């Protein structure tokens, strides 16, 4: 271990500045959320009803919608990602795997708004005519959100799978395993931490996405009874309320939503970090 | 073949197929509807080109104001983000003590996970705060939006700088030191040029993220009808917001077609940035692997 | 002499680079053959050709004939008459230079290949496992911790686990790629003894990095140089003492 080197002053102060700005972002949002909690007594911010006209500013429906939507999108998206990741490593048809990889990389660069826009004109009419309702619902947003999350999760899994496969591939081949057997019985069991961390990461992404729920989920502040019901997530709530006006209760609910989203994203980042730290130590 | 193998095989084939088909359908749909819009008047409508480009005459039926807004955001955001991002990356990779690395690394990780709408909310709270204290007449504007976007892309810039510097062969810095270079000299003349492509490719990815983000600017000053951006302290339009707005509020078929055109322009921009960053990364890889392979 | 494997003008290439050129050779059954040569002489490639493992790497190509005798029948390793890769690799077992237990428990390291490749399950697999562990002298050391990760074993133990894993699949030929190179002196001696005791039942072909070891263990020595066989002779024809220097000089 070399001794800590003497660094040039400007680079040190830059890093310090960046650290300070980061800290102030957290401080600002958290402080506003706490302030909202303190000032919002009597406004039932954690109530079950959102009805500004009646003085009810409950964001429970939005919290529920955020959780339900991102968990359902995660269930679908994670499964598809796992499938894609295995498809990338099956070795049966390298060309197809390459094509899939190209598509996934391309998807990472695809703006979220594009998914939303295309779904408004492709998927929404389809669901409206096939399943009824307006088509702007939990289900539509869930499907698109799942698709949007696939490339990130797949690439995380792929990194782990590639290195594990490299480590054990020749051993498995020498024992007479087919590539599929190698994947299923040797690689997958030993990449559980990464599968989990991909899921946590995907959850965080789904939870934080704004445009897809805003454009596709219908935005009714209610507890959904079926996948065809319209829902409003926390993120959509922030974008909608803000783009209208800022009265007392509405403004406070917004700050609180921001605080909740920030807390969740912090928990997600810490979990992923913890898992990868443990993985590296092993 | 065992049950578990069969399940995995079926899941992987179905998933691969589903993803490919969805993307193909999506792209085919966008191209079919958007290509007819890619004509001369997509950008400027009926306004004379030169006057439109310079912002002398308003453009009512073209996407030029939105494009100009996005370009402005890109330039401003990058001028905010590049120096702190790359500098902080250099600090983390070359100078930080293990404890500093741990602390700052944690902060960067946490920042990277923040949803963009929360970053937008930060901008909004910030301007409210400023209004109450120093700037009673402050309002959301392009400067604020770029600042928040810069915060949003900062972590990815830092991470890509760190990984391109740490990805260099170890002998490189040893050689430089053995030749008697000081650490600053080694960094400036050996390490940074060697890692340059990697850092540049990280910058391009960050630009892609800046160009596509909608949630941040939604809370920090984008509007639908601002026209050509009037200045740093005024409201502005942007391509992704234009797309978002069109989806919900289009009045006639012509506006909708313009929305599809805007999507293609946006895809072209982010696709181009992705390809560019890919190309640079490949070049860098070949440079370190070429001799042996 | 009955051969367990025969090469006839066998050449191998990685991309355009030739690794083995026109090798013609036969390996005898139920004995130990050692392959010797400088690094890059093609020993490992020849060994891996015998169970088709080179196909695992991109850009591998071969010409000429290479056959192994399995179940009394001489079969080509590649081509239309060859056994399926999985069957071939079960019957031609292999142990690598570095111990390479799968990242699983000790028990799963043994039972997984048994169930996937040999179709042996349950009680029967447990029996085969015990037998194989006893054969390599590992049973007393692992019997009480079969469900611990295999990575916890020492290097020598891991290498014997790998041998047991290969033996459990009931191979007819065993390929050993410098099986003692990464072990300390004592562990290496143990593995050498094991090889001697196994040659009654299996045809063993090993790559060795040490001439002394090859002379202790092998019945036949094959010298490779630049992808060609420079000599193949029984160990009794190898000179002793002072003549050894010029001898090695000539063939390596």
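As written, the chain order gives the labels A, B and C, with residue 1 at the start of each chain.
Here, contacts are C-beta pairs under 8 Å (C-beta built on N, C-alpha and C of every residue); 3 or more make two chains touch, one makes a residue touch a chain.
This structure is a prediction, so every number in the text was calculated from the model and none was measured.
By the document's definition of touch, common neighbours of chain B and chain C comprise A. Of all chains shown, A has the CA centroid lying nearest to the centroid of every protein CA atom.
Ranked by C-beta contact pairs, the top interface belongs to chains A-B. Farthest chain from chain B (centres taken as the mean of C-alpha atoms): C. With each centre defined as the average position of its C-alpha atoms, the distance from chain B to chain C rounds to 54 Å.
Our note on geometry: chain A versus chain C, Cα centroid distance of 49 Å, whole angstroms.
Note: centroid distance chain A to chain B, computed from Cα atoms, is 18 Å. Looking at chain A, one finds that residues 181, 185 touch two or more other chains.
On the chain A side of its complex with chain C, the touching residues are 164, 167-178, 181, 185-186, 189-190.
Within the complex, the chain B residues that touch chain A are 2, 4-5, 8-9, 11-16, 18-20, 22-23, 25-26, 29-30, 33, 83-84, 87-88, 90-92, 94-97, 100, 103-104, 106-122, 124-126, 129, 151, 154, 158, 183-184, 208, 211-212, 214-215, 218-219, 240, 243-244, 246-248, 259, 263, 266-267, 270-271, 273-274, 278. Contact residues on chain C toward chain A in their complex (touch as defined above): 51, 53, 56, 85-90, 93-94, 96, 100, 102-104, 112-113, 116-117, 165-166, 169.
Contacts from chain A toward chain B in the complex involve residues 4-8, 10-12, 14-15, 17-19, 21-23, 25-26, 28-29, 32, 79-87, 90, 96, 99-100, 103-118, 120-122, 147, 150, 180-181, 183-185, 188, 204, 207-211, 214-215, 235, 238-239, 242-243, 254-255, 258, 261-262, 265-266, 268-270, 272-273.
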